[in-house]
Amino acid sequence: MSGAVHINTAELFLAGQDGSNMMGSPLGVCYPTTTAEVQNAVRWARSKGVPFIARGAGTGLAGGAIPEAGSLVICLTKMNKIRSIDANRRSAWVEPGVLNADLSRQTSREGLHFAPDPSSQQSCTIGGNVANNSGGPHCLSEGVTSAHILSLEVVLPSGETCTFDAETSLFDLRGAFIGSEGMFGIATAIEVRLVQNPPHVATMVVGFASVHDGALAVSAIIAHGIIPSALEMMDAPITRAVEEYVHAGFPLDAAATLIVEIDGLEYSVIDGSRQIREIVSLFGATSFQVAETAVERARIWKGRKTAFGAIARIQPNYYLHDTVVPRKKLAEVLSQVTAIATQEQLQVMNVFHAGDGNLHPILMFDKRVAGVMDRVHRAGAEIVRVSLEAGGVLSGEHGIGLEKRDFMRWMFTENDLLFQQKLRSAFDPDGISNPHKVLPRGSGCSDTASIPPGSWI
Amino acid sequence: MSISSPHFQFVNEEDLNTCVNCGLCLPHCPTYRVTGEDIYSPRGRINLIRSVKHGDMELTKEVVNSLDTCIQCMGCEPACPSGVQYHNIISPVKTEIHQRRYWRDIPLRFGLYVVSHLPLLRLLTRIISVFQVLKAVPKRLQIPRVPFRRQQLLNYPHLSREKEVILFTGCVMDAWYRNVHEDTITLLNALGYSVVISGDEYGCCGALHEHAGFTKTAEKIQGNIPRSTDNATIIVNSAGCSASLKKTFKDSHEVLDINEFLYRHISDLHKLLIHRKEKVIIQEPCHLRHVQGISLEVTELLGIAFDVVQLDDDGLCCGAGGSFSFSQPEMANAVRGRKIAEITRVIESISPDSVRYVSSANPGCLSFLSSSAINIEIQHPVTLLKQSLR
Amino acid sequence: MFKNAVNFGGAVEDLQKKIAISNSINIVGTNSTGVASNESEDEKLKAPAGIISYEPDELMISVFAGTEIHEVNIELQAAQQRIVIPDWGTIGGAVATRRNGLRETHHQTLPNNVLRCTVIAADGSLYQAGGQVVKNVSGFDLVKLLVGSWGLLGLIVEVTMRTEPLPQVSQWVKSAHPQAREQASKLYRPAVETLIEGVTYLLLEGHQNDVEQQISLLKGFALCEMPSLSHQYQYQNLNFLSQGPVRSIERGIRKQFDPTNKFNKKIAAQRNLLT
């Protein structure tokens, strides 16, 4: 069953979609269970001159998992075993289909966890985290996925397998591979670093009378030399939407809510929380609560992490953006985002990793309304523009995929892009591994065919 | 933009539109968990239903299989941040599919006919028990050991009209798990309640039929359930039935699952029960946890008498799913295999033989788990609590 | 219009011109690694020095790669901050050789702290990798490739790094006891845990009370100064030859980035990466 390529219309239709609003039309989908089967699939694709694309849970939002027309989807969800856990070395070998949250669950008895915690961590796979160099609220202090991967077993686009780690190469091929969105080959086993669960945690929910005040408080906390383990912001509409779903006790009268979490040893947590409390009150906090129990804390995080799904309670469709700006520009860019949405007559909500300056404006709409898609596209492009103007970058953690591919030129020169393409060519000279993502068309890039129909929302 | 299709027109367009394709439901779906294939996930099924409804896709055998293999555990609903009403989508689809293939479902129809006719069910139970002694019942039928003799239910005289409840005895529960009824009565008596047995006129509640997509039959059965003039609370000790009866009696009677009822008397139970220093794992029936939202209550109840060990799988289904294990044995067995592996993992993470019981408050789960190779005692929580009375 | 492109001034432009016409270039900072070429035909080039911008509130500093690390540290200390590189040689040298110092085991090693690099390529053109925000990567992660690339992929002229606040207390402890590592596993994330010549060294940082409490958990450890290391300790990966497909990729990268073997020929030859 696992060796077979499925070609029925139902499965092809589903393999053509991910968490974005785009759609591709693959040639077949297969579910390998071993590295050798992945190798066979890649070799088969190679021999037929067919592009291939690795797929995890399909929760990506930038269309990185949308298959090129006529390509083979290699779905890795059946490779979901944790091969070994080494509690002494604080590491584990896992297959790419292991779910992010499952790994931390299985290591909780050792007092360890896998630090990257994207909002989709219940569903998303470690393989997908590697492909997108995923972040999450706690990467503010822990670093993104790249900081938590020790080695990778990879099936290269040539069909060969090899291992990337700290010892076997001069160049950091491991680091280069992480975040390559499936364009450098397929990781079939991943050695992850596990970190100790913090002995003390304080999770604070702080309300502000304006988004501006909240944003200034964020900059101030970091500038004060405190690195919280997470520092998140939600604006009033999204706070109301999630409160309805999780009942976490978020302040419904606040224009902006910060979730500030600080963890570690006892005194650093006590001292840190005290300082944070002083700083936020200096910046006009209107409410301040500390979660008393693990259950309360879990509820706050559930609210934060399911926020974007809760949007369907307001509008049937949404477009979740992902850009990064310098922290000091947060307040300014947020007001620009609001102005852009007003200009295009769209509702916008903000729920994001404020400590990293990683914005996630969510444009909400009903795609059945005539002409709305044009307005959404225009607003999306404008948000990218203002973020870059403020000195930011295109993507914090969702990746470039198809969604932001054509914005790459806004951030990089042709020469910058040429060197990214050179790196791709060294891994995949024929451009058959997830072609036509990340790099814009016509940038001296070998991936020149057409984009999948219906791409970009 | 899409042409009309002859299929799934009863599915509400707004319900379909609520799904934003985020995929947060995936790990909460038992069939996705065991296959890793999108076609066996709630998101996939919603996408397929939408496409078929809009005429963008044929109702192919793969689509039918995808929908047939949905256990309707509703684990996806509480997990969905968008609040997709998945039951509103899948129920009319299941009904429509069954209507389209009358003959293929004959064995299932026969089974459901039996449970809704008590004398027949009792007769067959006796025959099965004889065959079980002779070891002549095929294993693939997944029938647990059934009793030959029907226990008589103790019936205490009425103490007071104030504290009187009706115990809904049902069909399979009554034929196979009379001991649970007996334990329920003992517990209720201990709490000072007198119990009226609903008796044979309240046989099958129709939940199994409804779940399997035989809506009309279910409606007929539900219509035939007599409405007692007595307005006492109806207590149900089968999670699937309590979920269904709450709807049936919503205008006339208060219906409570036994766990819900006992939880209201938890302070009395603290006085009545002893702590046994034994470990129990709770397997949460989907109709209790996902449909009725009763979860922590059971943990607290059993916590009075036992050390409760939690499964860390978000209450994923065991695969029984009403008649699902009968109509889709392959998928059901795979789902059960995952549940048993999880139970085993949790036990071994403490120490082998550390856990004495698995508890489940639904006859379907009890019998489906019991008929597996699992080497641990599986009991209804009521039985465990009754055994712990001082 | 919003591109990374920054005007780095005449010194960088001069280097670009020189590289464009040269055939063989040896990139040297202070030669702290001791691997500078002695070949007479090699043109020895050094990145410019100086701090370009420093924003303590953003926890970020941008410097020319030829800046010496101790100069950077002086600047940072004034704002109660630091960077996590051992205090010798130049920033460019530390980045090119992936000099993590003793923090190898901790996640905040050098690669995760380099946010942006500006590089002169073999044809004299300028390219940039990363961005000046904490989540710096858009597209492929060239920064990771450049950190530890030993000058084989171009001359790094500018580096933007993450800085971090100085901890309230920093204390080294050591023990030569065979069970010392087991003891260390009781601690919560020591900043450094390393074994040098049979001695376990730990660096504990943070709030004074926490550090004291952590030390009280240890048996048989003594307070000490930071252990001194031979510079050579850092360069284990230099004398290692990759095999099979990994080597093909490494050669492929070198060929793509430096098709005429212009940069650091001696190191490339040592690593069998000449193309």
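Each chain carries a letter (A, B and C) given by its place in the written order, and its residues are counted from 1.
By definition in this document, a contact is a pair of C-beta atoms (placed from the backbone, for glycine too) under 8 Å apart; a residue touches a chain by one contact, two chains touch by 3 or more.
Keep in mind the model is a prediction, meaning the values are calculated, not measured.
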Exercise for the section: Trace the shortest sequence of touching chains from subunit B to subunit C and report its length in steps. Expected result: 2
Practice task
Determine which two chains are connected by the greatest number of contacting C-beta pairs.
Solution key: A-C
Problem - Computed distance of Cα centres, subunit C from subunit B, in Å - result: 60
Exercise for the section: Could you tell me the distance, in whole angstrom, between the mean C-alpha positions of subunit A and subunit C? Expected result: 27
Completion exercise
For the pair subunit A and subunit B, the C-alpha centroid-to-centroid distance in angstrom is 37
Handout entry: subunit B - residues contacting subunit A, complex
Key = 17-28, 35-39, 44, 47-48, 51, 57-58, 60, 62-63, 66, 79-84, 312, 349
Practice task
Name, in rising order, each residue of subunit A that touches subunit B in their complex.
Solution key: 8-11, 13-15, 17-19, 21, 31, 57-59, 75, 77-78, 80, 97, 99, 101-102, 105, 109, 120, 122-124, 242, 245, 306-313, 316-318
Problem - Footprint of subunit A on subunit C - complex, ascending - result: 1-5, 55-59, 80-81, 98, 107-108, 111-112, 119, 121, 125-129, 131-142, 144-145, 147-150, 152-153, 164-166, 185, 188-189, 206-210, 213-214, 237-238, 240, 242-247, 249-250, 252-253, 255-257, 271, 273
Practice task
Would you pull the subunit A residues touching subunit C in the complex into a rising list?
Solution key: 88, 115, 133, 135, 139-140, 142-144, 146-148, 156, 158, 160-164, 166-176, 178-180, 183, 193, 195-196, 198-199, 219, 222-223, 225-227, 264-268, 271, 324-328, 356-358, 385, 388-389, 391-397, 400, 404, 408, 410-413, 415-420, 422-427, 429, 438-439
